[in-house]
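Before any comments, here is the structure.
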């Protein structure tokens, strides 16, 4: 039994990070109505920028490296929007999607150019997990869950308690009406990109802290996040959160029943089935605050 | 339309320029090497080792007075890239000898091309047993899987583990080795409690680790690479899995130990070995430290070094630069040749034989395992 | 005159809907625009409010030319627009809808008080203030949309078909509210399809047909005008 | 010819079309009018199969069509236009028409590859007919222009022409005159009358009342999803319920 | 010269692959981001059958058929989706197919790949066969391009374009949208399968890593660069891309910078893709060439 409990716990840890990625992806979808393929690269860049800062010539302590790295990640996110997506926003959504694939390719290969394809780490020594009730969890993982809870809590606060956050939801709800009501669209779109990049970058950092860095890490996790987005209903922030947890648990528990070679297959199959059976997500548009 | 014209002209210019590249006053050998892509982590080390050997060859007079050169073609770690690369080396440069790409899948993709073109193809790190059947122009200075799979099985047996969990990286090399291991292990009376593949290049193997932990095996045979091995060891340590890890040769690397950050302590593995007490090895080690100060010796670097040295010897002795003459010279050169990695006498398949050693990690360093 | 629209020409992309439409509205006046479907009534409101940019003509508000100002600039000057149909945010709560409606107010204390007074005024909305607005009935939604006028207290409100899709009794309620707000000093430019209803609460009316001015007069005059009926029903 | 029996359609809580029954015999030109949101376009969508009916039956001739897919309904001669003009912007004007030709053998892959002569002959015939129609809608000189580049009025004409190309028995026009200038309206009226002379039935939603009065032999009036009147246009003007639907109720007005 | 033959063969195979994607993406407006799946299914089927001793031409035909069947199987559920969601569904489908190749070792030998795939018997093995193989590819490319042209200029092709422009209008004009799209996908899949078969029998070794998203992006780039919805644009695009890839080998890049080539190449692809979308979404050869645009 503890075996399954531990699998679920691992799923929750993985899922909380997927959720961080997914809420960003779904916010962008909610406001701009397109799937940003390059979201994964924000994840990777967040992680790699920290790596850049902790190594020579900067040699900044890890905890000091995070903030500047996240700031640069945000700049990348805002830059994507400013130079690629904004000029295309009124055209075909497919044009946007292809352009975002282009952005993803460009950013990922820039990582390869700078850091190579090799696996990297922050060089932190592994620590024995803390044991309780037969379950094991490492301090880093506790930090991950804590950070995910903190970020998602902050997001909840922002979206439900501040005018800016409410404006953001209003734009996702009805863009035309939001414009009529004098909501500053530029500010809202900037906020969305900043939040999406922040969450992606922070998630990427945490993921790298727990495991390793490699150029494909963004892409791999973006696919998972996308499954979470679909599960929660595209554009639905809380749906994405639950979806992230679900994907995390599903693929981890799935290992007990399938060959681990099929681990990714579970996410993919889930995406495929969800798209076909419930294009609006399990929770549909009705659940939660959008 | 104009743009297309310019583009095409540009390509033509590039292609035509290439023919002028190879001069006649030097002996050039081609190499298809993974400088980019997923195997680039090893490729750079291979390249450095080859260049080290090259320096030594040229310092001692080159190939009968002509300097030797290696032209590296990247293969992007893919079979498509390997085929394109070797096609270019053969067709444009017409090199009679080519050093083949790492990873058996890539090597297997190019070996029929070499064989058909009557070009000598030499591999320094491809282990798949299928390579033995590639043909008469294909050689390797690296032992076939067959031996190593048996080696791991014997190690397991010797250490007294009768029931183990087997996991292996889900690619050509991992699967091939795992199959040889399984056959031998079961034949020796061992039993596999669980057996599964793990994906290459993942950053999270915790669920796989749990699957192992569930069986609480005394030992786990993990046939995997540096990155995957390090991640798994680290996460097993965090999870509190106490077991004896048994590994193959591809994860024997200081880099693996560094990545695993202490969690690699106590791992035991096998590897095709050669004595490190020989003067050849000491010379190599010194030369390496001199040319690449501060850089760790790469995995399989010794084999790449031996490959270049042996090839140089063969080229010196070849009657002409025709493939058949070189082939004969290579076989002759290999006979009784003791390189850094031991005896390089080729058998009928172009394979060498090898002895298998055992490595372990102790105090953060890789050393020989002794009972 | 609070609002003077002179020779306004406007449309969407290649299609021109309004052809040199002119109209005026005095301070504290309710003016209703009526006309058959496709006459361009809603387009007048969109062009005046700044949702679309007019192709020609001018809009003067309180003595100031605002023809090409955008929505938010006009809102700041005291001219607000409440569109027809989807005029609330269904997935925001009622309270949040009110907050967004007043989000251009810089003074948050003032906003808080304004919202409190709106909630006090409409108990049926108060009851559901923390529920998503999509759960409201049609009439409640319209009240919620109109609350924006109470919160922002503008000089002039442009309302597009406030009675659309509502039961007669609710329509009466809506028009009563419009009357009350007008007494407090807010002017209205309405578009109504329900011509009798619209004209009955209005001081004056304009009749449009195919994007052109057709008739004008006081509400009662137009109600009694046979031409109006003919316009709607042909003949 | 078109028979609608007790048709109902709702969206969520809202009943858009409420138990409508009507029939069109060989009237020639029939109008469907009503205030905004009265359910006219919804009814059109149901007749042409774009919406499924919740209840009720629709017959065209003797054929029950209320369960058919839109393309099948189109193929039996009931063809529609859309409220917003929808030409195919990145096809040439001529291709816009050709694409509407019914029963093209060339749309079957087997014919394309194995019976090219048949396809070619058919294409030539279609082309001839398309040129005639272009003549009719005065777009001959625009035949090889991208349809998206035509003026709005020309697009309207092209759309009518395209419907014509489909050899319809009955045409459903959704607000054909919306947003076009009076000259073009006259041209359109002439085209519509020409169609009637060829024996094609016209069923149209229209807001331009004088025009409806001028060209329709019969009209139906809808309000809030219900049919409130059917008869000749001059009677509709005197009908109390129609007046109420358009102008509002008299008793509550003061 | 063999090297040039090799590049030409690869370019032609990608030309066929690009034409097949163009049928869906260019003519029908179906954004299939999982097209490589059919390339892979064609390649694997044909390779497995060829290895089992079936005549190569027969196994190639069966490979194409298998790709077509797979296309139909994908089309039936996925066509319920439109636009970008269809794109994602197909992308995921392709990854599932690849994972199947990786994991079903009893059939595909998994990541070991399939070596020694034979060529058609009338084409010689090895170098001697290259000119013949090139000829074979040229003939097939011409055949495929002419077929695609015949299709595009036929009423069928016109109907596909109507579907692409406006599904509602297509329905109102009596077009069975679902059937047209399904047929376009099947046709596209069969041709992608052909490209896959050619690839497998040419390169003689295939493994699952040859059929990743990267290949889809490469062929997508060929189509949008060359000009989607045009007949020769995709082939032109394929030639430019393949020649560009190979030309990079000739740049005098110092060995130390060798590892930078592939990332730089990827960056260029990404950048070109963005640039095309921003500046010239219709590609080099425009579909609207010859039509007046005022």
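Each chain carries a letter (A, B, C, D and E) given by its place in the written order, and its residues are counted from 1.
In the analysis below, a contact is a pair of C-beta atoms (placed from the backbone, for glycine too) under 8 Å apart; a residue touches a chain by one contact, two chains touch by 3 or more.
Here the structure is a predicted model, which is why all the values come from computation and not from measurement.
Common neighbours of chain A and chain D (chains touching each): C, E. Traced through touching neighbours, the fewest hops from chain C to chain E number 2. Taking the definition of touch as given, a chain qualifies here only if it contacts chain D and chain E alike; none does. The chain with its CA mean position farthest from that of chain D is B.
Contact tally for B-E versus A-B: the pair with more C-beta pairs in contact is B-E. Chain centres were defined as the mean of their Cα atoms; on that basis the chain farthest from chain E turns out to be C.
Centroids of chain A and chain C (each the mean of its C-alpha atoms) stand 42 Å apart.
Note on chain placement: the centre of chain B and the centre of chain D lie 73 Å apart, centres being C-alpha means.
Centre-to-centre spacing of chain C and chain D amounts to 33 Å, using the average Cα coordinate of each chain. Across the assembly, chain E contributes 102-103, 259, 262-263 as residues in contact with two or more other chains.
Across the assembly, chain A contributes 112, 116, 259, 261, 264 as residues in contact with two or more other chains.
Shared interface positions of chain C, defined as residues touching 2 or more other chains, are absent. By the document's touch criterion, interfaces exist between A-B, A-C, A-E, B-E, C-D, D-E. By the touch criterion stated above, chain A contacts chain E in their complex at residues 34-35, 84, 87-88, 91, 93-99, 101-113, 116, 223, 226, 259, 261-262, 264-265, 268-269, 271-272, 275-276, 279.
Taken together, the chain D residues at the contact with chain E in this complex read 48-50, 69-72, 74-75, 79-82, 86, 88-92, 95, 98-102, 104-109, 112-113, 119, 122-123, 144-146, 149, 162, 166. The residues of chain B lying in touch with chain E in their complex are 3-4, 7-8, 10-11, 14-15, 17-18, 35-37, 40, 43-44, 47, 51, 72-74, 76, 78-80, 83-85, 87-88, 90-92, 105, 108-109, 112-113, 115-117, 128, 130, 170-172, 174-176, 197.
By the touch rule above, chain E contacts chain A in their complex via residues 31, 77-78, 80-81, 83-85, 87-89, 92-93, 95-96, 99, 102-103, 217, 220, 224, 259-260, 262-267, 269-274, 277-278, 281. Residue ranges of chain A in contact with chain B, taken from their complex: 3, 6-7, 10, 14, 112, 116-119, 121, 123-129, 131, 136, 138, 207, 210-214, 216-217, 220, 251-253, 255-256, 259-261, 263-264.
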